[in-house]
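Note that chain A is present in both complexes that follow, paired respectively with chain B and with chain C.
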Partner chain A sequence: MTRTSAPGVRVKDLTVVYKTPAGELPALGGVSLSLAPGTITGIVGESGSGKSTLALSLLNAVQPPGRIKEGSVEIDGLGNVVELTGEELRRARGRQVGYVFQAAQNSLNPLKTVGKQLLDLGRSHDFDDLPALLKDARALLGRMGLDGGRVLDSYQHELSGGMRQRVGIMFALVLNAHLVVLDEPTTALDMITQAAILKIVRDVHHERGLTTLIITHDMGVAAEVTDSLAVMYGGRVVEHGPTTEVLGSPRHPYTKGLIRAIPRLSGDIDEARALPGRPPTLGTIPKQGCVFRERCPMRIAVCDTVDPEPVTRDARTVACHAVGRPATPIVPKEYV
Partner chain B sequence: MKTVVRRLSGHLARGLAMIWVVTTLSFVIIRNIPGDPVRGQYEKLIEQGMSPDAAERATAALYGFLPKGSLWSQYVDYLNGLLHGNLGQSLSTPGTGVATIIGSAAKWTILPVLGGTLLSFLLGVTLGVYAAIKRSGKLGDALAISGSLLHGIPQYVIGLLVVAVFSTLWPILPAGGPVDIDFAPGFNGPYIASLIQHATLPVLTYALASYGGWILAMKSSVATVLGDDFIMAAELRGMSRGILFRYIARNAILPLFTILALSLGLLFGGAIFIESIFNYPGLGLLLVNSIGARDYALMGGTFLVLTVAIVVANIAADLLYAVIDPRVRKGAEA
Partner chain C sequence: MITASGITKTYKQRGNMLGARAVPALRGVDFTIEKGGAVTFIGESGCGKTTLGRIVAGLETYDSGDIVIDGTPMSSLKPRHRQPFFRRIQLIHQDPYSALNPTRTIHQTLAAPLALRAKQTGRGKAWMEERARELLALVGIDPGYVLPRYPHQLSGGMRQRVVIARALTVDPEVLVADESVSMIDVSLRLGVLALLKDLRERLDVSVLFITHDIATARYIGGDGELYVIYRGQVVESGPTERVISGPVHPYTQSLLSAIPVLHGVERPGPERVVPTEALNEAHSDTGCLFARRCPFRTDRCEAELPALVSDGEQAHACLHPQRRNVIPVEAVA
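Here is the complex of A and B:
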């Protein structure tokens, strides 16, 4: 029942809303994104841009008060997960899709040892060979620089933040899922450990032939490990393409701003310029027009009224009125 | 293990301090009550023609300390007596030691209180989980409301209601005394059946008095655990429903053990009212009667034993907590 090859993932027109006192507000406003089989895709974007919401949608696990309002998430071998429910959905989670969630430092039951929880996981997914599962877990932990045997005998409170994150990664990989989603998997780690862990994630990805999605705040991490890169802003994917190209020749004004803001990538500290303004929150995402226009240096008239559709050219998808088009008012119908 | 010992010794120290305060208080009360019962007794005996020596010994036997000498040496004598299990003699039942009277009353309080607590704990916790999970359902609502209602009613009112319903309106159970006097005491069917019949209403009252609190506490505890990150993580890993349920239940029950001690203490205190209502010969009734009879030695002794019971309940609840929570058991800061 487990796939032996990397699945492709196609997210289409996904709208996810959260219920707030001001009504249901969209955290994802019709996002489309494909993960090619066998690749590592990165998602970057400021806090609140909807990265975690998108990642959770891949497991149909958006938490109340949120819900998937529209759209589909097709995963090879699973079908449209938006329509999965009950046991079918539970079995897909963990076994088909491994997930490291953002608060991975608190992802363990405080009353049980890591090893016991691993056995619980094995039983939940009907593993017959539990000793082999423990052995795999020890090996994975060992690769990430931990004493596997000791960690399995430990309770959460006996592990440091960085150790817990690595345990979280182990849980996502140990069942041999072929789609792995990591939401900020290395935030609690120092630079050196972070680099080492990312290398292991990449190695395991290649060894097993996975499809991997990594969410990160850190452009450096994205540059290091990903094959393709999606940039999110205000619940939209504003640019998506091969990582080297997106970082080397960004097209969307937001991507350009992000890259300029990072000394390491822009090359010169003097040239690093922080992006002016603040990212929108659920309540302040504009209901019409481009979500980025308040902060955009290239804003034109049409940006105030028409939300730019994503357009794909030479393997690059960009959603901006000013990219590759004349900077004059445009009739929206042309782009629908 | 070290933390457990540390916590335990902390509890023990606090418990001993509490016991010391209670004993000292009852010494001060007995010694300072208008009319000074100790002195009064001593003088009464002398008037009755006893020699001062004999009167002194008789009074000492009655109160557990000598009426002569400085207040301080009387106090030391009194504490010393207590340490040797000497609680003095009862005034209202001459010739009987306070310890003996308390000993025979204690079982009538401790067993019903423990039984009632256990019953309400099991019921309240189970229904609390249900109320938390079915928060929006009708039954869940009803449970939560019944919990808040019961929680707000004072114990003695519950006791009176129970009497009114089960022995007046719908007389199916006895509401007076511990057992029918028609049956010969011993290990025989009719006697035991009568014991159980008579215990039912007091136990029910204890259970009802604390059950509302358990539902509410468990409901809010489950709601908190449901919002914890690790539950979501377990869901995202596809843990089976049974395992998920166990994760939730065990984590949610944990904080309730701290309330268990509190609840036991409250019920021991409530025994004063409840045993009066049911004319049940436990420590509570004993305390009430000793106050009525101005039997100060008995009063002090009963008070002391009730205090010890609360302290012991505290320590037992804490030990249970430690057994379940590895953070306490293994002694980490987290």
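Here is the complex of A and C:
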């Protein structure tokens, strides 16, 4: 197996639309995002924010009625994924980009043992040395604290939720992909299992030299493992920067509100505040102006008409009219 | 006031060729819910916390022990005479997407229990209409908008509020909230939690809160009691803030250590505890139930089942109790 280094990813002006009776509605409205090679990036957002659509775009796997309308997804060693088709695309998936699907616990074939499914995967990618593939899989499972031999001989119903999730991660890594996308890797898992899985994700990331993208709705999960954090809302990345900075001194009013709405174990619990209003759905995303303005405490006149451009300043990107100006002092103290 | 003592429940799996198997869900649980108080049960899935909630709401039977509601032991009553007691305890379901009948408008959903209530108290249709509006306003949604609509036309947060309003139609004294926000969008969760907290204050209802997320327990019942359940047994209990800031049982410490740290806002606790193994129902029932996973186990733990001992406020079932600093601390700017 060839050892390639961690690839970088550059998403540019990506627009994905879904065809509905009301016309084509944008799930992603011109998203730009870079994943630095060798980092763990987290995308947090609520349902309907477009985070899963963005993750699927990395595989060029947006399913109809959705389609990538414009923009590009450049992955080092692969080129522009949006332009890949057919056989080329099929080979890239799994080999170069590993994907752990949402509810990976339920995405195994119930009629085949894990080992059989692994052999299928190997054959579909023309692996000659299938015993070596099995050996790699056993080693990976062993690395994650499982008895590899036993797991490969098991059907999915013989494994617990946490074990299936680890099997999902094994499938994403076994073909030696160096870009790994995990969509909600710990949803529906218990706290202790979640902590164990997150530790595995972090350890494997460092050991194998990966570029990792984690999609989650849980700020805590993102905070625990990521180096860099992007916050999505209404099909846009509204804030992106180093995780500790985004959490410690959030700039976008949505990020601020979201962090404030998390009950925590430290600090004064009564400072937690709910965010007013509710997130937009595909049909209710405003056609013009800022997507967050209805819930925003910092709304100004321009928000109604102009969609704020993302502005990057000292490695932090924020798309907001009210904080985009250097003149506005940011007082993070309130949230520290 | 509700007092439960020594509640046990064992699920029997039907026999196959290997014979029948008994799965103990609760192994003798005691607790008290004061009027207007808040009691939280936390634990991993499969620890018996949902079963306990259903037993308290009268939706599930128990094998032994007793529930005493305002001085009346339920074991002394025939099942049909228990109903007026259990009516005062209402369960808020976990999943607002399946808890409402999709073929009924919210108006119809609320009208059914309200009609029952109107009959009991000798009031008419006008009262029902007014009460429905009043309850929806109480849970923070616009009655004019919601009443004629079907559940699929509402967001998850709104549906959960409707479910709470429906539970309130019968003027309950206790609300049992089982993971009531886990299916709702993150930015809306705190709103629903704040509502439950507010109802406690305004209507003086007690809340029995069942969750795996200790931080939400802290928000809703910070002044109440916390019970940590492991494989059907209470392993630690006490005032919520006290247990969270000073847990002595390694299982409580593991749960608290597993909560993600918001790096940048807080720093991890210095003595985080990680279990040595994953939860396995097949683990032996002799000795301490947590022994196999416990990083601090001794030979004694594998032989002896520790009893719940209390210092008057905080109780624990551990042979080697030791306070550890596991929860995150606020980062200083």
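FYI, the second predicted complex is superposed on the first by the 318 of 336 C-alpha atoms of A that agree within 3 Å, B and C clash if a C-alpha of one lies under 4 Å from a C-alpha of the other, contacts with A are read in each partner's own complex, and residues count from 1 in each chain.
What we mean here is this: a contact is a pair of C-beta atoms (placed from the backbone, for glycine too) under 8 Å apart; a residue touches a chain by one contact, two chains touch by 3 or more.
Only a predicted model underlies this, so the values are computations on that prediction, with no experimental measurement involved.
On the superposed chain A, the two partners chain B and chain C both fit, without a clash. Looking at the superposed arrangement, the partner reaching more residues of chain A, out of chain B and chain C, is C. Contacts of A:59 after superposition on the shared chain: chain B is touched, whereas chain C is not. When the two complexes are overlaid on their common chain A, residue A:194 makes contact with chain C while staying clear of chain B. Within the superposed three-chain model, A:157 lies in touch with chain B and out of touch with chain C [touch as defined at top].
In the superposed pair of complexes, A:284 makes contact with neither chain B nor chain C.
Looking at the shared chain after the overlay, A:91 reaches chain B, while chain C stays out of its contact range. Of the two partner chains, chain C is the only one touched by A:220; chain B is not.
Superposition on chain A places chain B within reach of chain C only down to 7 Å, the least C-alpha distance between them.
According to the touch criterion, chain A has no shared surface contacted by chain B in one complex and chain C in the other.
The residues of chain A lying in touch with chain C in their complex are 46-47, 145, 160, 162-163, 190-196, 198, 217-221, 223-224, 243-249, 257-259, 261-267, 269, 272-275, 278-279, 332-333, 335-336. Per the touch definition, chain A reaches chain B in the complex via residues 59, 61, 63, 90-95, 99, 101, 103-104, 106-113, 120-121, 123-125, 155-158, 168, 171. Residues of chain B that touch chain A in their complex: 228-230, 232-241, 243, 247, 250-251, 254, 324-327, 330, 332-334. Touching chain A in their complex are the following residues of chain C: 44-45, 155, 157-158, 185-191, 193-194, 212-216, 218-219, 222, 244, 254-266, 274-275, 278-279, 327-333.
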